[in-house]
Amino acid sequence: MTERPALTRLLISCADRPGIVSAVSGFLFTQGANIVRSDQYTTNPEGGDFFMRMEFFLPLSDAERDAFERDFTDRVAEPFEMGWRMWDTTQLKRVGILVSREEHCLLDLMWRWRRGSLEGHIALVASNHDDARADVEGFGIPYHHVPVTKETKPQSEERLLELFAGSCELVVLARYMQIVSGEFLERLGVPVINIHHSFLPAFAGAGPYERAKERGVKLIGATAHYVTEELDAGPIIEQDVIRVTHRDSIQTMKQLGADIERTVLARAVERHLEDRVLVTENTTVVF
Amino acid sequence: MTERPALTRLLISCADRPGIVSAVSGFLFTQGANIVRSDQYTTNPEGGDFFMRMEFFLPLSDAERDAFERDFTDRVAEPFEMGWRMWDTTQLKRVGILVSREEHCLLDLMWRWRRGSLEGHIALVASNHDDARADVEGFGIPYHHVPVTKETKPQSEERLLELFAGSCELVVLARYMQIVSGEFLERLGVPVINIHHSFLPAFAGAGPYERAKERGVKLIGATAHYVTEELDAGPIIEQDVIRVTHRDSIQTMKQLGADIERTVLARAVERHLEDRVLVTENTTVVF
Amino acid sequence: MTERPALTRLLISCADRPGIVSAVSGFLFTQGANIVRSDQYTTNPEGGDFFMRMEFFLPLSDAERDAFERDFTDRVAEPFEMGWRMWDTTQLKRVGILVSREEHCLLDLMWRWRRGSLEGHIALVASNHDDARADVEGFGIPYHHVPVTKETKPQSEERLLELFAGSCELVVLARYMQIVSGEFLERLGVPVINIHHSFLPAFAGAGPYERAKERGVKLIGATAHYVTEELDAGPIIEQDVIRVTHRDSIQTMKQLGADIERTVLARAVERHLEDRVLVTENTTVVF
Amino acid sequence: MTERPALTRLLISCADRPGIVSAVSGFLFTQGANIVRSDQYTTNPEGGDFFMRMEFFLPLSDAERDAFERDFTDRVAEPFEMGWRMWDTTQLKRVGILVSREEHCLLDLMWRWRRGSLEGHIALVASNHDDARADVEGFGIPYHHVPVTKETKPQSEERLLELFAGSCELVVLARYMQIVSGEFLERLGVPVINIHHSFLPAFAGAGPYERAKERGVKLIGATAHYVTEELDAGPIIEQDVIRVTHRDSIQTMKQLGADIERTVLARAVERHLEDRVLVTENTTVVF
């Protein structure tokens, strides 16, 4: 992905009814847009919800873009009572990362970013430990050490809000082993993606590999999900598994699992940055 | 899939240019169609090919349908020089199957058909052996024994054409170990899907498991593809693999492979019957 | 597996300590056995448990076999306080199957049996419904209809015990949707394998596909396990998964899941019949 | 793998005949060894080849080890005409890496090494480009730039032999895009592992992703194999695949492929370093 085309993306969700696709594509056509990709999904043709993602080329000046968005609102979005979002893909989303001691997920994201395969910009990294500083700064990314103890949790969250709120469009918990509060999520105001080191909903909570070993499962997995106030229960974006046998110790399972964790998290982050994930109730539509 | 909704499907391919989606969805909207699924794909926004598949509800009498198709031709298809095909999903496609001695793929298709998970009707089975007769007739499907020798091949193909041409919209080679001639394919006039017992293009031709064993591969696979005159080289619809080790004998590899073969073939046939496969050059677009 | 060699299998479990492998293989060597496969596993070299499976050729008359087993007991098994089991693979294990309405797992087992890929003999099938009779009897297997209601459950289990106890070395619940009692299991006295239509421990209990859909999981799975008195919690033998998306309805998930269920159950039954599964605590060693 | 036990490994290959396992385990037992893992494999009980890998604890001084090996030679290895190799796992194997421009495989190996999950020591890296110097030296590993042109190839190989021969027990081609000569391999005298960016034998040679795209394959893969004089035809150690669709451009396929390449290469290197790979004819036994 060495050069990125000047694409515009449009995401829409609304109650399903006839004529939505026609109205949207008709509007874009009359404006001179060249649609190159379009995905739709309806939960239920009778009274369900409708989701749409379009990619199109439409070179506009800033003034023209404002007029375009106003027109779209008046002539398409309001009549169909749409929730919608338009995004110029040349504006890379800024990503903030939180990490604790295990750094494999963080490193994987930084390598992908440097290889140019991430449609975003890693703006900063913060951690409750100072271990990863050298690695992160080696990539030219600012690193912030924000210790957390049971007593200082509110102050720590305050400090993290100063760092992240307004500075990024996405926060990634790349094996950040602290529970974040509902208030933190609300004040942060941008989506937060977490990687859980199990195939949720199996083995939610702590020590998933230990419990998987006791239970004798034959596949272990990882789950990337949006963070909600309820622990480990937010909408799932991506999951994958790897086969294990009785010969694999908990230590080996953790090492095998680390490969799955970083791959699953990277895929979820990539898809989010490409505006391919829409949330509906407690699930996701991933185009 | 106990009840099947009265859906119409529309498949389109043409040179890409602005306005196609808008024209199609606008036309459908003015006709009162309710689009429930739409997939598009462009090989290249600049001068590439455009492919589209739409599913919509539009209850029409036969007379209305004729008028609808005429209008679509005049107002959409011809201006955009489209290749297109419309399909009423209540009309199940008739499927003919050719098989030799190995019957696992045939059985799998018949079971799926009986379970109601195949959007088609298995109209007949023919084989160059008589082994599978009891099984096939047990499903209430006509069975035809058409022996083939090197000398009688032209007569055998003639007999198969009498049986299949005009009687089915799809022919499936479910481990049919005879090479079919280009003339046969042409006169048959409907798509033919074959299952090859290897991960093509690796191990094309005969004895793939034997050669995979000698080569020490760690995964064996199967490939479902449309049959063209060039052996084992037609457009690939679906592939899958399974892990093997040095402990697996050729006999075991064949047994493991049989599971992959029947699954891969069934998926390819299902997708074809659901009009989800479009051919372009030597590849497929699978929506 | 058209011809099956006259192999003997030996399975051993005991507390680990030095000299076990040497004692066993030394004994077999002096008796003239030709070991062709040997697997060992130690949970922990320090004070853990040791498991061993050996396959060897040793043609013996019945009288010689008795002497051989006495000698093995005296000179190897007792000194090491082994649990052990020896098995002549020409004696096919008899398998009984219980099924309810969903017959895909049952059919898959019967097909594999007829193809000769199952190291066992399907001796009988029983069901709380009469739906599968024609299919089962078509394979030449006795079919017993044993209805179950809440009131008649004890009598039904009594009837099943008459049919299965003493008539088979393995019972398979091939989508048998009744809970079997601890007393039934105890009196049956042979291992029972169940297929659960979820990736346990996620979605234990009823309606797993419905709950997976609500939760938005990206992979659905199946689990084959030995049945214990605690529901869905017995030692896991085999698991597998298949990818799903938001587009897959619950109906489609059930159809995709059916493919996984029958494959996972078949693998578990095959491995059990080949004496490759040993139970330890709540997990399995699968050689 | 923070602490590594003082294990000894023994690898054996010889013509199969009765008594091998008994002789080896009996010898080890009388010497006081505690066997913790043992794998055997016979290509064919009648006149085939036998392979064995044992892990055991046996703390010996250097003098005792010499005596032990002499005894083993006299009493076990020579009578059975064994090829064998014993290895003290506290002696980490030294690994040399060759790389060109694509650095994802190199980075993955270095990260695993730093995380302690590689049973070896990365001793040096050489490349025909200077791009990766900063990364490699950042890990504290010596980096050597050895340019190669068609004219200077012999001198370059000479230089590489000075660097690698005698300095490492394994050489890894981590996307090294130069063909190495048979003479180089012979003079190097240690195994060389290569990662090929296709699912061999499909798409051997250059441009595999381009050719896979044209052919419309549905899975792309990677293959790690020992390097032999015949290009891309050496014994395969590990392979894996990832699913692609018509939507994936060649560029995307390369990015997806990069994840598979680094995982497959890392697994092959890990298994080699753990002495789990034995070569027989053109295949491998991977315990």
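Which chain is which? They are A, B, C and D, in the order written, and residues in each are numbered from 1.
One rule holds for everything that comes next: a residue touches a chain if its C-beta (ideal position, glycine included) is under 8 Å from a C-beta of that chain, and two chains touch if they have at least 3 such contacts.
Please read these numbers as outputs of a predicted model, since none were measured by experiment.
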Exercise. Hey, which chain ends up farthest from chain B, C-alpha centres compared?
Worked result: D
For this session: Check B-C against A-C and say which one is joined by more contacting C-beta pairs.
Result: A-C
For this session: Just give me the whole-number Å value for how far the CA centre of chain B lies from that of chain C.
Result: 37
Seminar exercise, completed: Separation of the C-alpha centres, chain A versus chain C, in whole Å, is 42
Seminar exercise, completed: Within chain D, the set of residues that touch 2 or more other chains is 41
For this session: Give every residue of chain A touching chain D within the complex, in rising order.
Result: 1, 104, 107, 111, 115, 117, 138, 251, 255, 258-259, 263
Problem set entry | chain C contact footprint on chain A (complex, rising order) | 41, 199-203, 213-219, 221, 235-241, 245-247, 281-286
For this session: Spell out the part of chain C that touches chain D in their complex, as residue ranges.
Result: 18-19, 21-23, 25-26, 28-29, 32-42, 45, 57
